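Sending over a structure as structure tokens; questions will come in a sec.
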Amino acid sequence: MSASPPYLQVEGLRRDFDLSRAALLRALTGEPRRILRAVDGVDFAIPRGETFGLVGESGSGKSTLAKMIVGLLPPSAGRTLIDGLDLAAPPSTAARRALRRRIQMVFQDPYASLNPRWRVGAIIAEPIGAFQLRAGRAAIAARVRELLELVGLSAADARKYPHEFSGGQRQRIAIARALASEAEFLVCDEPTSALDVSIQAQILNLLRDLQARLGITYLLITHNLAVVRFLSTRIGVMYLGRLVEIADGEALFAAPRHPYSRMLLDATPDLAMTGRGRLRIGGEPPNPLAPPAGCGFHPRCPRAQPRCRIEAPALRNGVACHDPLGAGDSVGAAR
Amino acid sequence: MTGPLLEVRDLVVDFQTRRGKLRALDGVSFSLARGETLGMVGESGAGKSLAGSAIVGLVDPPGRIAGGEIRLDGERIDRLSEAQMRAVRGRRIGIVFQDPLTSLDPLMRVGDQLVETLRAHLGLSPARARERAIAWLAEVGVAAAEQRIDSYPHEFSGGMRQRVVIALALCAEPELVIADEPTTALDVSVQAQIVDLLKTLSRRHGAAVLLITHDMGVIAEAADRVAVMYAGRIVEIGPVRDIVQAPRHPYARGLMAAIPSLHARPDRLAQMPGAMPRLSALPAGCAFAPRCPDVLGRCATERPGLELSGERGIACWRESSR
Amino acid sequence: MAPSPAGPTWRERLADNDLLASFLASPLTVAAGIVTLSALAAALGAPVLAPFDPYNPATNFLADSLTPPRFADGGDPRFLLGTDDQGRDMFSAILFGLRLSLAIGAGGVALAAALGVTLGLIAGYAGGWTDALLMRIADVQLTFPAILIALLLDGVAHAVLKASHAQGSAFGVLVLAIGLSFWVQYARTVRAATRVEKNRDYVQAARLIGLGPLRILARHILPNVLGPVLVLATVNLALAILTEATLSFLGVGLPPTEPSLGALVRIGQNFLFSGEWWIVTFPSATLATLILAVNILGDWLRVALNPRLK
């Protein structure tokens, strides 16, 4: 890890959603408020030019976290610092603009992330115009052509509409749009989950190449462990809105310390067919509306101790567990 | 009982559109033995789901079966009337679809759906059917089955719903279960459970399974044999271990190489150029020829047939003995 | 057919167009299209096509009033469809009346659409109190039928404007009345569609570029919610023409010297049973045919633009 200050710093981010019914109805029925705590105090940092992978299943809060980092959702608590600047509290409107330009997002669904009524050229040109990065139609058109070629499409594609392209190609267009603002930081929310395996390989390679060429920093959100392994230098595992483990990719996959990480790894199919057979995680991802007390994982954890039911473990040395796994430990039989 | 349970020979499915006729399945042949699990793997548009739909007679117009035969236990089922097909579906062939939310009737209690199926296909009395339904729910791992039987689908989580769907597919004791992307909509930890359940139950009740998915991992776990599909054709078929570890067809090789691994971090993933051709623009000869790293002259003009040698079959001129 | 590498030409796009194909597939729809286009052409070309000017009392043939159509007994070769009690040539009156009906109908629908779409976009995007307020206003609006609004506006116009101006304001009153009665459907449809589009990723992407809500609404969301609006407008047009006819029939709105089709029907109704059948028949037939044609078009559009019915 570099010694310079991290490019992205996330401090204590929390996000609550108020799902209570209208105040009047509640007064009549005596119902309590229903608050969904989607993200419960997350801290991590990403050095410049690296990729941080955030892994989790449904209800883990990873998408909500991504939206907060990128500024689409205001946090209920905590803040995000990008190159030392806080998006929510910029020194001036111009500074906020400048910061906006540097962060962009690639969305999961290539069929919903491009406006179906706009031509591809206009879609990619929009950020260029919005941030005034080029002057004049000719210059903008030239830049659009450049970007299309950068992501492996042809300049002639600018005249077409999104529905004329396949899922993989649309994702390339989405990446081109994200790069059009000359962003340095890209949040990729499940960028390949909707794509076939062979197309996924192309897009992942593209992302890797772009990082090598342009020095972009990535925050990768995914549920696919193999994808996160390929792209990330460091990985954070989320469960019920909290980070339960952070480690370098190598270390996490060789010796996971949190029981959930270990079981997630074991639940991923083994194509090497070593005959390992998966260890089953019992139960299902819990309902974030009614999280278990203490450590959120304890109902499914074979190593749960009485302490786990009462006290939620803090993230210490990269793992949030009262009894983390050592190098040779086995997890024990699943419930 | 000799002979395969399911035999599909030269199945052809066409779609009649304004722009002409599209051939979505072009001479697909395979067989399934009793109690065996055959995986059908391929990317979107390869035709694997269509093959499953064709077997149960659920190809919607403008699609139609334009050729070939489908035999279940020796009898042809591709020419049956809708009424006859209905008797086959459920009783002899159970179906598990991808999205449990839409395969269960949201307005009917879960127990009622099971009972309806049991009574329709096995002719049980209401009381016996209910007993059997509770037993099935317990067998698929729904805790407190006696209470949950009266719940509605939306009261279950995704994984639980899929368990109910599996119960529904198996309760009439079919000989064949067709599972179309049964785990795709589920979380990884739940996927493992569902794959397990399908394997265990099919073995226990002696049902053969046609497992259709794009997820090679699921195939590696659950299938005995696998057929790899590309542009409406089977390009390679054989025992799972062989295909996964030593694929011979260039597409199958490319597909396996493109899957990122948990154990290593290469600089690049092996990628295949281009994409699967659209049905409206299928090349003459071998459909994979334009992308094939090992292409020969005849690949562009002649289409290779699926040649079987022992347990393996491959449709490739390079591997052909002719 | 693989599209050319430079993207499909407009000819290819047209040939491939589902909308056009579905239009041409149904003879009824094509017939309706032809009728509507003819009506439009007739209305636009009325000054040229009409042999006489029915709105100038000076040129009316009082002496020749109540003449039957040319092809009937006692007809006059000058008057294709006969004359009414004021001596107006029916054919000319129908052409000009068509013009008025279409203009008022289209004007009313345009106003309703503009108002409704704008309010719907705002309500859908803003949500919260703004949405609730606008929707309650819409609900209240729905309790007032077009006729009541027209009467109200007419009365106000007469009271506020001088007598000479009041005559000319009839057009405006009618357009306003129709617009104010019909905007709610547009607002509701657009609001629902906006609420869906608002959460889609391409809108989030626009927010990430720092675009303000107004620009997002106008440039991103509006094009995607216009589909149902088009269908509504077509169906509404028929209703608007009918409403105008009703209002004119009731005597509200246009002065008797400038009758629309509806007014002609009113006039003619008095003479139906005394034997002068042509005064009511031809305007009614024209009205009915036009409304039917527009309705059929609206129906086709609704089916054609609905992805789920495909």
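Here the chain labels run A, B and C in written order, and each chain numbers its own residues starting at 1.
We adopt the following convention: a contact is a pair of C-beta atoms (placed from the backbone, for glycine too) under 8 Å apart; a residue touches a chain by one contact, two chains touch by 3 or more.
From a predicted model like this one, the values you see are computed outputs, not experimental measurements.
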Relative to chain B, chain with the most remote C-alpha centre: C
Highest-count interface - the chain pair sharing the most C-beta contacts: A-B
Distance between the centres, which are taken as Cα means, of chain C and chain A, whole angstrom: 51
Inter-centroid spacing, chain B versus chain A (mean Cα positions, whole Å): 32
Residue ranges of chain A in contact with chain C within the complex: 70-72, 96-97, 100, 103-105, 107-109, 112-118, 126-127, 130-131, 154, 156-157, 159-160, 164, 174, 177, 181
Residues of chain A that touch chain B when the two form their complex: 57-58, 166-168, 196-202, 204-205, 208, 223-227, 229-230, 249-250, 253, 263-265, 267-273, 278, 280-281, 284-285, 287
Touching residues (chain side chain B, partner chain A) in the complex: 43-44, 157-160, 187-193, 196, 214-218, 220-221, 241, 244-245, 254-256, 258-263, 265-272, 275-276
Parts of chain C lying in touch with chain A, wherever the complex brings them together: 3, 5-8, 200-202, 204-211, 220, 223-224
